[in-house]
Structures are given as C-alpha cells and as structure tokens.
Amino acid sequence: MAIKLNSKVTYLFKKREFGIFLFILVLLAVFGTLEPRFFRSDNLSAILSSVGILMVVGAGQTLVIVTRNIDLSVGSTLGMAAMVMGMVARENPDFPIFGLIVIAMIVGGLCGLLNGLLVSYGKIPAIIATLGTLAIIRGAVFLVSDNVQIDPNDVPQGIINLATTSPIGIPWLLIFAFLSIILVWYVSSKTLLGKRIYAVGSNPEGAISRGLSFNKITIMVFVFVGVLAGLGGVLYTARYATINPADVGRGLEFDVISAVVIGGTNIFGGSGTALGTALGCILIGILSNGLTVVGVSPFWKACATGFLILAAVAIDNSVRKRQEQNFLLAIRNQRTVN
Amino acid sequence: MSPLLKNNPRFKVPGYLVGPILILIIAMTYGSLGSEYFLDPSSIIFNTGRYIEIGLLALALTFVIINGDIDLSVASTLAASAGVLAKLFESGVPIFWCCVASIFTGLVLGLINGLIVIKLGLPSLVVTLATLALYRGLTQVILGDGVVANYPENFVGFDQRLVIGGNPGLPAPLALFIVAAIIFYYILHRSNYGIKNIMSGSNPSSSNFSGISVDRVRLLAFALSGTVAGICAVMITSRLGSTISNVGLGLELLAITAVVLGGTDIFGGRGAISGTVVALFAIMAVREALVIQDINGQVQDAAIGLLLILTVLVPQIRSYYVEKRNRRKRFNEAQART
Amino acid sequence: MNKKHKALVPVLGMSLILTGVSASFMATSATAATKYKVTYIPKNLGNPYFDAIVGGFKKAGKKLGMTVKVVAPAQAGATDQIPFIEAAIQQRVDAIAISPNDANALCPTLKRAMKAGIVVLTVNGDTAVSCRQASITPVDFSVLGKYLVDQTASVIDGKGDWAFLSATSTAPDQNSWLAGAQEYIDGGGQPGLKLVDTVYGDDAPEKSATEAQALLAKYPNLKAINAPTTVGIAAAAQVLSTSPLKGKVQVTGLGTPNQMRQYIKDGTVKSFSLWDPGLQGQIAANLIVDIKTKNLNPKKGTKLKYKGVGPGKWKLGKGAVIIAGPPQEFNAKNIDKFDF
Amino acid sequence: MGGFTINVLECKSVSKWYGDAAVLKSVDFDLAQNEIHAIVGENGAGKSTLVKIISGLVPVDVGTIKFEGSDRTFSNIREIQNSGVALIHQEPRLFPDLSVLENVCVDYQVRDGKSKRFNWKKAEGETKELLAQLGCSFSVHSPVKALSVADQQMVDMVSALRKKLKLLIVDEPTASLTPSEVARLFETIRKLNASGVAIIFIGHRLEEVLQLSDRITVLKDGEVVAVKKTSETTEDELIRLMVGRNISASSTDSKTSSGQTSLKVSNLESPGYVADVSFEVNRGEILGIGGLVGAGRSELLETIFGLRKRSAGEVISTKHGSIKKVKRAISSGIALVPEDRAHNGLFLNRSINENLVITNLKLTSRGGKRNFGKEREIGQELIEKFRVKLSSATQLVRELSGGNQQKVSLAKWLKQEIEILLIDEPSRGVDVGSKSEIHQFLNNSAKDGMSIIMVSSDMRELIELSHRIIVMRNGRIAGELSGSEISEEAVLRLASGLATAGKGH
C-alpha cells in the first residue's frame, strides 16, 4: 500500500525543493529589509545572470551525482571549451556564432568523454579520475593557449550579446540556463533514459542485472556534463569577455557541487532534481550578492557559504530520516491490518 | 621491475608500491637529465623540506580515508590554526603557547568535523567541503587582510636546521617526517586502533556488530587529521616566517593525491602507510624533476594528475588482459580435449 | 611487512645508479652557448601584465647575449615559487629575477641563491632588502595610493562616492596601495570624494563581477569603482558595459590596454592607467649584466645609464630600489598606440 | 506434466573460472518448455553461476548454450533479456528511489519504429493489470522503498513479466518471505508455467523444491551429480547427493536446561521495533524466537546486544549485571551472530584471520599493541575447531562459501567465554552440510551450559532445536510455547495473530 499523503499541501511541504524555496524567500526578505535597493531589477537580473553559468553546469552535474559519480573537472572543462572557442574566434573573426557555440560544446563533450571512459571502462572511481583530469585539462588549457589570454576585443560581439541581448525579455544566457534545467527535468522525469540514469545511481548491481548498459549510461552523463560545461564556457565568455588560461572556470567545481548538494541531490546517488539544483544555484547567487549589499564584512562571506551547505544537508538529512521512519511505520501498520 | 627483483621472493614489492616506485625511478632519471646537480644528495634531502607538511597531512589523511571518510578541510584547518597562532603572537602571547594553541585549534576543528559527520550522520565529503569554506572564512575573519611577521629568530627557520649535522645532514623537517611515518606505521599496522580503523572502513556495520565503536574510531581519525593540520600550521609558520590568510591554500588536494597514489582505497578499508610515504616521495621527485626541466606549474599539476589516473588504470588494464589470456588458454585446452 | 620494506633499498639504489649514469652523460653536453643564463619567475603565467615584463626582459636580453628562461607556478601562493628558485640554484644560473608572491616567505631561499653566487633581483614587487641585491619597482608604491585617488577624482570631476574593488585580501601590493590611499584621504586629499567601501574580487572574474554588481546595488550614489588589479578592472568594466548604469558609474584603476580597449571604445571606461611593464624587464636585464661584468654593487645613489631604455638614466633609491617609471594614462585618444 | 519433448534451453559442457578457481566444470543442463526445473546444491556448488551464465550476467568461458534450438552466440545481457529470459534474485534487484511503475519499465525497449517516445499511459495500464493478476494492491506510483520485501518481489516479478517471457529463473526467492507470501509466490510461478513459461528454480529448502518442481538437477562442486524426476526422489536422497555422504538427522536428545537464569530481559523497548518485551533465559537453554519477518526479532537481539537505541527496559546478566552498551555486552560474555553475514557479520574484503581476530583483540594484544604470532595462533585454533575449509588464513572471506562464511561469523566469538549466544537465522543461505554442523554446535554448546537465543524463520530448525519458543508479532511477544505445546501450527497461529494462547505475557 502506498503512503497516502493527506493533501497536496503537505505533499508540497515534504518536497525538498519547497524547503529551499522557503529559505530563498527568507533570505530575500532579510536582505530586502536591511537594504531595499537589493530588490532593484538590475541587481536581481545580475544575480540571475551570475548564477546562469552555475545552473548550466549544475544541471549536468546533478545527473552525474545521481549516478553515484562526481565530476571535479567541470571548471577545467569549461576553461578548455572557452579557450578553444576563443582562439578560433581570435584567428577567424568572421566565424559564425553558432559554429563557435558548437565548437565549445564539442570540446566540452570530448573532455566529458575522457572522464566517462576512465570511470566506466577504466573502472577508476569518479572522484579520483576527475581529480586527475581537473589538473590534466587545466594543463592542456595552458599548452593549447601557449599561456596567452583572450582579450575582450578578440571576442566576437555576437558572443558578448548572449549575455546582454534578450529575444523575449530575458538574456540568452538565462534562456540557456533555464533550457538546461528544463532539459534535465524533462529527461529525468519523463523519459526512460532518465529513469535509467536514476536506476543506475539507485542500485548499480540491480541496473546491471536488469540489462541496463551501465557503462553507456555513465559515459552519457559525463559527456552530457561536459557538453553543458562547454556551453558554460560560451556563457562565461559572454559574461566576462576575458578568457585567461589560469582564471577561466577556476574553482567552479566547488560552487557547482555546493549548489547541487544544497539543492537536495544525494551525494551517494539515486535522488536529486534539476529544479533543486536550480534553486541551489539561485540561493548561492543571492547569498553572495546579498551579503555584500547589506554590508557584511567580506571576511565573513566564506564562512556563510560553508554554513549554508552544512545547514542545507543537515536539514535535508533529518527530513529524509523522518520520511523513512514514516515509511517504516506505514509498512508495520499495513501488516497489522492484514 | 627488473627480472632479478621479480624472481626473488625475498624482494617481493607489494602491488600498491610498484606504481609509485616506478614513478620515482623515472622521475629521478628524467630530473638528472635536466641538471647534473639534480642527484646531489644534499639538495635532494634539503628539497624534501617543502613537502613535509603535505606528507604529514597525507599520513593523517590515510587514516581518515581508510576509514571510508575524507577530510577536504585539512588545509583550511591548517590556515585557521596558523591564524590563531599569529593572532595570539601579535597580542603578546609567548610563541610556545601560541604553538600549543595552534595545535589545540587543529584538534578542535578536526573534532568539529568528526562530530558533525558522526552525530548528524552526514557524508564527510559534503561536511568537509562545507568546513573547507568555513574554516578558511574563519581564518580571514581572524587575520583580515593583514600579514603577521616578525616572529622571534629562534622560532623561524625550523626547516633550515639540521638534526644531524654535516653534508648531506638530516634537516629537521625530514627527521620529523621519518619519526611521524614510523609512529603512524605502528599505529595503523601494529596497534589495535589501526586494525579497528581498517576494519571499520572495510565494513562499518560489521564493526559495530563486532563491538568496535566505529563512531569513536572515525572521530579519532578526524581529530588526528585536525591535530596534524595544527602541527603543520606551526611548521609552515616557522618555515615562512609570516602568516597570511591564504596560507596552505589547495594543500588538501596534494595530500589526498599522495594518499590515493599510495594505494589507499578511496572508499576505505584498504591502505598502507608505506604507500603514502613512497607516493609522497614519488610526487616530490616528479615535481622537482619537472621544475629542473623548466616545466611550468600547471603542466606539473597535469603530470601528477596523469600519474594518479595511470596508477589506478594500469593495474586494471593489466588484469583485464591477464584474464583474457587465461580465458583463451582454457578455451583452447577445452577445444583440444574434444 | 618488514621484508616488503627492505625491498625499497635495492630499488632506490638501482634508480640512483641509473640516474647517475645518465647524469654523467649529460654533463658534457650542458655547456652554455650564451654568455649568461637568467631565470625569471613571474607570479603566474598567462597574465598579460607579466607577459609584458617578460617581453621587455627578452628583448633586452637578446641584445646583451643572455638567455632568459621564464618559469612560474600554477598558483600564486606564498610558497609556490620556492621550488623554481631552488631549481634555478641547482641549475647554477647566473641570475634570478623574481616577482615575489610574498614578501617574507621567499627570503630564506633567495638568500641561499645569493650565497651560491647568483645575482638576485626582484621585479614588480619586493622582499626584505637583505634578500636581494636590487629591486625594480614599476612606480613609487608610496605615491600610488594617492595616484589612485586622484585618478578616481579625474574621472568623476572630483565629486561623489566611490569604492575600491581590490584583488585578494592578502595581495601585498594592493594592500599597500589601499593603505596609501586611505592615508592620503585622511590627510585631506580630494575632499570631494567619499570612499564608501572596499571589496575583494580575489582576482577571479566571477567573484570580481559579483562584487562589482553588489556595489552598484548597495550604493545609489556610487560614481566610480576603482580596481587596481587587471582582473578586477576588466570584470567591473564588463559588468558595467551590460548594465543600465553604464556611463553613470565610472570604472577606472589599473589594467592593460589590450584587455580594456573594448571598454574604452564602447564608452564604459573613460580612462585607466598602467606603467609600461616591459621597462622593468629591460632594466633588470641590463642591471644583471652590470653586476656580472662590472662587479657593480647596487646601493642607494648608484647611477645607471641604459641607452634606449625609457629615459635612459636611472638612479637607485633607498634600499637599492629602481623606480621604472610613472604610470601611463590610457584613454580613447591614445589607447591604440599600445599593444600589451 | 507429461513428456519433456521440446527443449527451450540446452547447455553443453559449460565451464567457468573465477581467477584460477573453476566454479563450473563441463555442466550439461536442459530445460523443457513446460517444465519447472529445480537446481539444488550446497553453497558454492555453482548454482548461481550457472543461472548467471544462462541469463547473460556473466560470460561463459567454455561450452555452448542453445536457446530455443539455436546457438546463442551473443553474451550481451540486454539481448538475452529481450529474447525472453529473466532472472529474479533472492534480494529483489530494484531501485528504491524509483516508483513501482518506473521500476517495471526501466529496461523496457521502445521497439515500434513509429514513435520514439515511451508511452507511460499504456505502460501504466499494463503494469496495473499484471499487478492485479498477481493479487497485489499497492499503487504503481508508490516508491519501491515503501514496499514490504514480498511486495518488492512481486514488483520484480512483474518487471520480468512485462517482456515476452519464455524462461524465468528464480534464485532462492523464499528466503525472506513469510509462509503465506511463499504460497502466493508459488501460485504465481505455477500459473506462469501453465501459460508456457519455462522455470528454473533454485532453493535451499528442499521441501519447497519437492513441492514445486518437475525435475531436479543436483550440483556439487561445479559438476552435475544427478538429474532426477521429482516424483522419483526423496529429500534424503537429494541431501546425500548434494553432500556426498549421509547426514544424521539432528539429535533429539532430552531438552533440559539447568533452570539457572543467566539473562533477564524486562520491559525492553526500542522505538518503532521492540515494545515491552520481557523474558528470561536459563543456562543450557536454547530459546527460539519465532515470528514473521518484520516482527522485530532481529531488532530484539540487536537491542539486547546494545546496538539499538533503547527507550525503556533493562537487560540483566545474572553474573555481570545490567547491560547497556555493546562493549559491556561483549565483556559480559554475550555474542551476536547476525542474520546478514555480508553486511553485519563479516569483513568480506579482509582476510579470514583478521575477521577472527577482530573480536579477540584483548587476547591477542598487550597495551594496544598487536601480536601477530598470537593472532595467527588463535585464528588457526578457531579455523580448526570449526573445520572452516580454506586455502590459507590470509585468504579473503569473500572467497569462502556461504557455509564457511557462517562458520567464521560464529567462530570469531568463541575464543572467549561466551555465556549467552544471540544467533539470528543460523542457517540462512547455508548448505546442508554446514547447517548440520552448526546445529550440532548449538546443541553441544547448550549442553555445556551456554544460553542460546535463536531467531529462525526455518520452522523445522526452530522447532527441533528450541527448548522453548517465544513468538513475536509487531514488536511484542505474542506468546510463549514450551514442551509439547511446540508445533508448527501453534507458532504460525501466534505469529499471524490468530491466537493468543500459551503462557502469554
């Protein structure tokens, strides 16, 4: 017998995403009260575009973590994609924008393929494999670029426009971000492929015995996060215009993983949603902007992120425990009825 | 491995050491091509001084990782301990007591990690990812944008001192490392705590059923890694003669790399101190060899990343081919029979 | 276990023998073709600012018969440059020029280099006086704080709120400039200006942009952001170029022309400054030759003549410091003349 | 069921090695279309490996497999499953985070070229129908982790049925099911068989095997020792074939105990699992604990041992006083041999010696310093005492058979003076030979004065060994049986709540 939920409202409250949403509202209220200018539209839209890149990469990382893996190399992959794209654009100023985007996504996808092969066929734990490629790909960025950065005037205006021009009122950058989230949401909740991805994370041995192509799915999610990191590289270039071999995407993995974890994805795989990750990204964005806006000392800001992650996982964990206990009680009750 | 060694059972090298030893040999050879002075014993021994903090952290992390946990926050713990040391020194506390306070801070921060992980039942990867940010933030709060220097003469330059004089001599850091390695070796491989540590990493539930307090074993490992980070804070302060808030940034990845390269299973339950020690020297040899060949930092990182992957990948490939060969052999035998 | 560990001894021995043999082969072929071997260690690689210094160094070095090798660590941590200094010592180079990441941490290693007879110069940043023979500084650090305040005043006509967007909170150069600026303001400099905040972008584009954006939201009357760091100024300019506040809030500070050309052209930035970094490299190369060939002992008051290097005449100040030159202001009129 | 004419499956001289160990040696096996064919054998006889090969989970090293008359050349598990072969494991291979429907459909293939999209509506309808056929009433949208083990098994079954099933392999499905659930499962299997699905059934409980199957293949050490028609064989014969020797029925000695209380449990409560449990155990007594899975029996043992949070009550050892924590329990001579060896009892990836030493560190070490010589000595002693079959004491426990693993799980406690042994499902997943050895050990130990509290779902084991039986239901004691009151029926009535007879508490 399934657990009957009393009503839609309690269902909503039990949803992990709702908790983050509430938390975001609280943060907004606090920041807004302390400094009403926080709500200025340009500030809010700037927060969104600053987390756009995070969302794109986070959408992919969610699926990777769902499969019990992790990709620490996303920052380097993003850097590699941006750098290759930037160099193509610098040498060929008339290269079509669409082509540049495709190039970046292919480069990202290749980095992802490398990770995927190492983890699936190479049987290397993802955390080790991608710790390695984090350094390897960064080294490759330096070799490829010959240590020379791409300056803003080498970046085509078409790319820059992705961050500024808006076909339907919101900039391309955000459209890409939302599309990535929607894509992951669609795949994970509507398609068989999505169910397989969750199945692999939920019970790897079971997945193999049910004939799911474990390696193929693993490679697929790594290529997917790579492609999205490549797209992230395009958006990075659009937003920051400078592509420095050392700086581009540096430390991104930390923010992305934080966002995914805050968004309720279980670090041990099997569960997690794109919506949660999106909200996690927004939460991080609001926090880092808001703390400066309300005048918190810059030295306290790193502490705040740490606290946030801890609080998020602690609350998540206690909720999950309580839910499991409810399930257990329900089973016992069911047996009594029988 | 030369056939001479391979065929002699008395010189059987454990599998996890083969990779790091090969790396060590190749790196030494490569380095000596770069400079005739590379193999000068006194400079080799002297150069170890810069790797000792990584080495000590790696030794402590070996315990944490064997336990099935991870501590990403060691470098931040080190920084916070150094921050306490510096701040106390500035306010006139005698340097000895500053050092005691630093080590104590490390212990406390390590305990906090352990308590959150154990009492709240959260994954250590996430918790220490959060405290990585949190402790670094605390360091910034403590130190602000300031630099603390002008430590007393007798405190500074610990790494320049020789425990055994002469040429090459035995510098203090190396001596300390050797002593620490021997102590840690005895704890892990010769003491009850060591076997409890390994067994609780191998199967925490069975350990509980066997009367091992897994929680206490894990807590002790976290406390150990914190304490060692506190000790390293003293060493690094003495070595550099100054303290700023970014001290030790990124050391955690280097230490974890050493542990994993040394054959410790990232999922726990298997590992050896000898592996960590040899891996540390292998990493050191690679870095020094690449520096002497004028290879830049990022490419050095990439090389270490590549080696990390290869040490896990090569045995996998090897066993795959051995298995394939055996299968073919058996198939042929069966064919011959019929 | 014991037996396993004994195994290390022969293995290590083998490797030493192997490497020893190969080393003796190498020794014969390792004679230098050029007069002097110099290693320059910038803070990091891929940084256009340091690339410009390297450019100057190599240009002068070529004339003087000198090979300039450039190596740098991946991170800009206090200790990350040490292995490169050690390697240079082992390679028995003639001179080490370094842009130190930390004023104190490198001292012991640099002293060892000098003891080994190697000329040690610091370029674009300094350590303690006793740890190097001479230092080449781009500008007079003690007046740069004042310069930044005046620069801000010039882009907003001497009136209004402004803020600093610095590098990391631990960057020694920026910290000393910020302190200098504060001193100047406290002493009554540019009374029309009001420094409302100082934030740190950690020399990361993402963080710098976030901080710049937060400044715009927080201070309604903000008129200017001064970013005395090449990463920060570019990120702030990029934020403003896409903001409705473009033109209303000015970005200025220190940046390279190539990086900022775009923003000057689109009107986001009126003007910014930098000195010619290449000059420092040229001076360093010449000074090394002087010390080596003329046994020059650099100290306060020493006069140098290098033709074609800046104004051509240089004088060492207190602590054997050479100040390479005044900052150059870049604006719409002159920016196309520069390429670095 | 008449002549087995058409063979769905024919395996010819199938061999398989793991490393250097041969697990299957030239095995021939065939299966007719309308047949239920059981495979029996001791643990490590190669049953699971054989069905894994048939279902494509592991590749065959040597030999041929013919499915539906044609040679099977592919070894891709997916293709094999699509050809209509399904394997159901002892532990349901499900995905706890997904819903029932998603679990069922996850390996479904979009075959029709028309639409690439998966039709969830249609799948839901089909799944509901299948569930209804199997008599399941849970919703297809409930998460699988909220279902009972039996229901999960049904989900597993339905996911096998969703394909055009021709061959269903059921590997020890009854281990964790209650009798009524077993009955339901068997009914389903028979129904399937009647509709033309060939069945391979693996079971340890021979009475079930005899009840269900048409033909029985006996495996021993990777070889087929006999293929018997079920109607022409007996349980005794099967046991003899499996073990290769005669096994005496377990002793029916006089079941007496000293009458001296060794452990007293009063009003014990562990939130959610155990409520108000009180009983006493005497020296030399085997106290059986019966009940359905989920009645709180294992949890009771764990609470006594100090592993579970206790909200009320006391555990008092006559000799050592009150016991609250595991350490105290162990030092008071209490030991717990858990049901799930792999997860709770053993360290599969560590050596046999380490497994045996870990509970005896006090004896082998001095001042926290290990003494390897003593460790080897004690390990050797225990290995010999329990006749653990191994190649070396440094061998990994993973490589041992189920029976030998259980021996290690038991042996690790027995270097110390154990007064009270808590043992949970002593013969779960254990071959017949080891099972009788373990029973003998329990009987002898009780005779020597040890108190044993034994949880068992194996009704025969429970009744034969126990001096007294406590039956639990929903975390409480439903009743107590002793002497002539003990019967299978009485236990079942108490367990299912049909009666509250006996000397109830």
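Note that the chains are named A, B, C and D in the order they appear, and that numbering of residues resets to 1 at the start of each chain.
As a convention for this text, a contact is a pair of C-beta atoms (placed from the backbone, for glycine too) under 8 Å apart; a residue touches a chain by one contact, two chains touch by 3 or more.
In this text, all values refer to a predicted model and were calculated from it rather than measured experimentally.
Using the contact threshold fixed earlier, the set of chains in contact with both chain A and chain D is B.
With centres computed as the average of Cα coordinates, no chain lies farther from chain C than D.
Note: centroid distance chain A to chain B, computed from Cα atoms, is 30 Å.
In terms of their C-alpha centroids, the spacing between chain A and chain C amounts to 35 Å.
Our note on geometry: chain C versus chain D, Cα centroid distance of 70 Å, whole angstroms.
Shared contact sites, meaning residues of chain A that touch two or more other chains, fall at 138, 142, 147, 245-246, 298-299. Of all residues in chain C, those that touch two or more other chains are 44-45, 74, 169, 200. Counting only residues that touch two or more partner chains, chain D has none. Under the touch rule stated earlier, the contacting chain pairs are A-B, A-C, A-D, B-C, B-D. Chain contact summary for the complex, chain A toward chain C: residues 35, 37-38, 40, 42-43, 46-47, 50, 53, 138, 142, 145, 147-149, 151-153, 163-164, 236, 239-242, 244-248, 250-252, 288-290, 292-295, 298-299.
Of all residues in chain B, only 190-196, 198-199, 202-203, 205-213, 269-270, 326-327, 330-331, 334, 338 touch chain D in the complex they form.
Residues of chain D touching chain B in their complex: 13, 15, 17, 61-63, 305, 307, 326-327, 329-330, 336, 338, 343-350, 354, 357-359, 361, 365, 368-370, 412. By the touch criterion stated above, chain A contacts chain B in their complex at residues 118, 122-125, 127-129, 131-143, 147, 245-246, 254, 257-258, 261, 267-268, 297-310, 313-314, 317-318, 321.
Chain C contributes residues 44-48, 51, 74, 169, 197, 199-200, 203-207, 209-211, 213-218, 220, 231, 234-235, 238-239, 242-245, 258-263, 265 to its touches with chain A in the complex.
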